[in-house]
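Two complexes come next, and they have one chain in common, chain A, joined by chain B in the first and chain C in the second.
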Partner chain A sequence: MRTFTKAALLATVAAVAALPGQGAWADTSGKRIALSNNYAGNSWRQAMLRSWDKVTSQAVSDGVVAAADAFTTAENQVTEQAAQIQNLILQGYDAIVINAASPEGLNGAVQEACDAGVTVVSFDGIVTAECAWRIAVDFKQMGKDEVLYLADRLPEGGNLLEIRGLAGVFVDDEISAGIHEGVAETGKFEVVGSVHGNWAQDVAQKAVAGILPSLPEIVGVVTQGGDGYGAAQAIAASGRDMPIIVMGNRHDELTWWKEQKDANGYETMSVSIAPGVSTLAFWVAQQILDGADVPKDLTVPFLRIDQDNLEENLANTEPGGVANVEYSLGDAQGVIAGAM
Partner chain B sequence: MKRLASLLKQPWLWAWGGALAVWLATAAYTQGQGSGQVLSAALTFGAFFVIVALGQMFVITLGPGNVDLSIPACMTLAGTVSMKAMEGSGAMLPIGLLLALAVGLVVGGVNYTLIRLLRIPPIIATLSSSFIFQSAAIWWNRGLRVKPPTALADFATAKVAGIPVIAIAVILLAACGHVLLTRTVYGRSVVAIGQNMRAAHLAGIKVERVRAATYMMCATLAGLCGFLLAGFSGGAALNMGEEYLLSSIAVVVIGGTSVAGGFANVPGLWGAALFLFLLVTMLNTMGAGAGLRMVLTGLIIIGVIVAASGGKRRT
Partner chain C sequence: MSALLSPRVLRGLLPPLSLAALLIAIFWLQPRTMSYFGLNLLLNLAVPIALATIAQMFILCVNELDLSIGGFVSLVACITATWLHDTPLLGIAALVGLIVAYALLGALIHIRNLPSIVVTLGMSFVWLGLAVLVLPTPGGKAPEYIRSLMTLKPSLVPFPIIASVVIAGVVHLFLMRSAVGTVLRGAGGNPRSLERAGWSLLKIKMSMFALAGFFGVLSGMALVGLTTSADANIALRYTLLSIAGVILGGGEFVGGRVSPIGAVIGAMTLALAGSFLSFLRLNPDWQIGAQGAILIVVLALRVLISRSEAKR
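Let's turn to the complex of A and B:
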């Protein structure tokens, strides 16, 4: 199978070389790219898979690549995903795009893939193996940006409530570290309470409802996404003045923000990673297969929504989904050029 | 004195004692600030725990190996299907509720079929069926959150004299559960089966019929909980049931129900549900880190279970 693919590849390359003036795309038209995804059980991941499907099926029908299949493991387990990657190697994919269950746990399987000549691009949940590419999110900066925004809005400072994600997960630690770094740097806020909302609306609502009665007045709520609407509901139920709640691009959060904006001019900002980052990873993998010189570490741009572009973003967000952008080949080339 | 001694032997006492102690500790830490509101929040969130734990209690009481692990998936599926069917319309509310209950009934039926016809142990049967139900929920609405009708959201968040309406409703539900367990042939049959399935069979109890009814009731309650939780928290989400897998079992066990089956009580469910919520609230209030909080939660739960089972228990 592999030899056949290689032969086909060589033939393609030869054909392309013989035809100067053809698009650079022809190079990868025989290549097959797989998505190895560890989890699909929330709206962000569902949007991520939909974006992948939309962009890659277009790419396949345009002849950019031969195939771009998505595979999701059922259990969000490292061992299961490692086995999945080994299967993908055996199936002869030329590149594997990974959203990993663990930064280190998959390195063995990733190394096997590299040794077999497969290009590995990890994103969101990245892998640390040397041979793989990483499209990482600067979660720390995201947390810090929230505090910097609040510092801008609230020159007097005050008390903050922090809603964290899922305890023990790298992303949670990073965003929280960024928030605390921002608090230390601006020097006018104090985090008076911290609860874990598990990035889920109902969990955040429950945790905030529990801790709120014991807290002094709070001026801002820093969040990690998926938890802002729950916090707003808990605070509204307590009868307190609504603090500035930083949102995380979910449809329910944006809808609530829009309602408040129309009713009383409520102002905040919203930041998260677009689920369409999977399509950025796809184009990066395609570029690597195309022979482009791509640095191993790339950074995903945030998708930030502000007061003036709220309506536009809300209109583009599916009810119940997450604000999203799908990346194009040009975007990927821009990100690559930016990291050079 | 005798009455006091018999009260102290009640298995549900420890859960209530734990809840009270944790609440007082929180109040002492905050110098009483907001302790009434904490209690009101505990009643609201405790209510959701109690709904699922009630069903889980009957299942666990059926005896060793009986447990329903499909509760989270059933909640998600029922919440998703009913919210999507109502599409935010208050007029569709009864239909949505019936759909949620029907989803639960079907889930319970499938679970029992797997257990009975294919002779799969309940723990495996319900775990594997939960994958099917979760996938069905994903397929049904692709992870989108559909808003509940305003009337349902209002009901789920309403308060009468500071007491959440949903808590009052669930207290009534629990009272029905108590009567069902202690005063009906069905309830006594469940307990008898848990104590000795063969003896129960020889005594003329239709064992399999009771088991089927129990699994179906458990899943129906999970469906109801999914419906109400979706109404309370502004829509059904794919991960909305996640918390309720271990919690449903923990509430049953902390409440003084024997994990080996054959011995159950309803008052303990409320005590344990309040205890679990207040415990997390206390540790949050005191600013305990996530690691410390989990360790303490584990230790305190073990402590309460050991204390509750310290007395002589009829198993």
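Let's turn to the complex of A and C:
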């Protein structure tokens, strides 16, 4: 009798201990998730696919899901991707994670997927179909965060130079709107100049070098990523005092920041979206399949690098690439809880 | 027996046989497709491609080439998802206007004796620009009746198959069996003799271009019915797909030699080739090449058949 109680107790303890780790996984071990991707032609997308492969192959070997295959369309076209999604439905996937070629053009195919009982999670390039989940990037907040950081560092305020992205692209409008909102809210900065750097260091360097002679003293440079290093080069060449340049997580930007930090204690911050957001979408899909209650609209956390974790992030970023982070199941649950 | 296997019959059989081979391979790779639901998903996006291919076929029939059909279908899709949905009268007027514009293009090409490749290549940018003006950011909404037509679930036979058979049948009866159709085809095959017989080549070219515009409009409307909303770049792929579809279906770049049934089959073959390669789990970098390889194999078979025909 006594041994029986003990054994029962032990079994209960073991079952309870196993619950948080595997209880949530048991239901999805037979599920298959597919990634439908529309484009793989730049370093961000390549990093995105590598992250997906790394995290999902681990999840598959751990038995969390049965399969997690990535599919990229041969051409970046809406009709190609719509056909691809319909093929994935036919292949019997339980969930499809989409980085979409168009926010609207895929809705018919997405609706077909939902009608067939497939869970659809879109990220980065999101779809607007009501039955799909969206993991969107709050670019506006990203621009605002830059100004708030500067307001923190520079209590007296001053003049700012804004470097914008590619004209006419929605991301550029959003980040810029966030920056101007932050400027209006803090009330101590003035944007005295604005140039288009096209998210490229060489373009940004030329543009900044061109506008600098006409500008008064500037205390900060707000950027969109991929343009901070070029701005630093142009300002250094002009012989001005180096303002606080907000960086965008690119390897060359982080390297320059590290050099300055070692040489004269230069302080700034860096912010962008990690390509590993594909893995966040994977875990969100897994959670939905698991039966978790997930709101339809989620927001991607930014990958922010500060003075104290610069070295660590720089070491993890490959030359020519962008700082990345792969998300875990816990991160996904945190994002879901944050949106409830 | 020898009559059954004559090159002429073989050449006619090549397009349906390629389609059947592809279908069997897909059924074998992915048995789920062998159902009402599966065939519907597999083929529904082939319907707008088939309509665009028929449009291209009318142009190829009079010995011209249309490089603007993709942009044109995109523009129609944008108009369908915006004007035709919000203000039907304006939408219908715009679509009719587009068909008239196509007829006028035909007239321009004929009267000024311009190369159609140059004119239509230029027009492709005009159509795309207009599409961006009509719908600057992706969106809009498909009119309810088009959406319900394209998602129709008739009993027994999936809608895409019925639609394809109807399209192929109607165009076949008109172009291959009617007196008007014979004259229209003759304008591509032997324009000089047709002109001597008193027909106006200008009128024929204008009507062929108008027909192409009409089917381009149908293609755009069908596409929006499937996607529910539009994007200015939605159908750019259709230019090349439609040309390849006509050729795959037995048409030739010399005027007059076209086949409506073959064109529809060719369009479906191309759409299925994409699915086939994706079921094979082929690396996407190889997919375009593999799609090209399927085209080359079918065309090479045709050349072989034609050669044996010439030997006789």
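Points worth noting:
In the analysis below, the second predicted complex is superposed on the first by the 309 of 340 C-alpha atoms of A that agree within 3 Å, B and C clash if a C-alpha of one lies under 4 Å from a C-alpha of the other, contacts with A are read in each partner's own complex, and residues count from 1 in each chain.
Going forward, a residue touches a chain if its C-beta (ideal position, glycine included) is under 8 Å from a C-beta of that chain, and two chains touch if they have at least 3 such contacts.
Here the structure is a predicted model, which is why all the values come from computation and not from measurement.
Of the two partner chains placed by superposition, only chain B is touched by A:Asp202; chain C is not. Residue contacts after overlaying the shared chain place A:Arg164 against chain B, while chain C stays out of touching range.
Taking chain B and chain C in turn and counting the residues of chain A each one touches, the greater count comes from B. Contacts of A:Gln77 after superposition on the shared chain: chain C is touched, whereas chain B is not. Within the superposed three-chain model, A:Ile98 lies out of touch with both chain B and chain C [touch as defined at top]. Of the two partner chains placed around the shared chain by superposition, neither chain B nor chain C is touched by A:Leu150. Looking at the shared chain after the overlay, A:Ala40 reaches both chain B and chain C. Residues 40, 74 of chain A contact both chain B in one complex and chain C in the other.
Residues of chain C touching chain A in their complex: 30, 32-33, 37-38, 41-42, 44-45, 137-140, 223, 226-231, 233-238, 271, 274-275, 278-279, 281, 284-285, 287-288, 291.
Only residues 40-43, 45-47, 50, 74, 164, 167-168, 193-196, 198, 200-203, 205-207, 209-215, 229-230, 233, 237-238, 250-252, 318-321 of chain A touch chain B when the two sit together in their complex. The touching residues of chain A, counted against chain C in their complex, run 40, 69, 71-75, 77-80, 82-84, 86-87, 89-92, 102-109, 111-112, 116, 128-129, 170.
Of all residues in chain B, those touching chain A in their complex are 26, 29-30, 33-38, 41-42, 44-45, 131, 134, 138, 141-147, 157, 229, 232-235, 237-240, 242-243, 277, 280-281, 284-285, 287, 290-291, 294.
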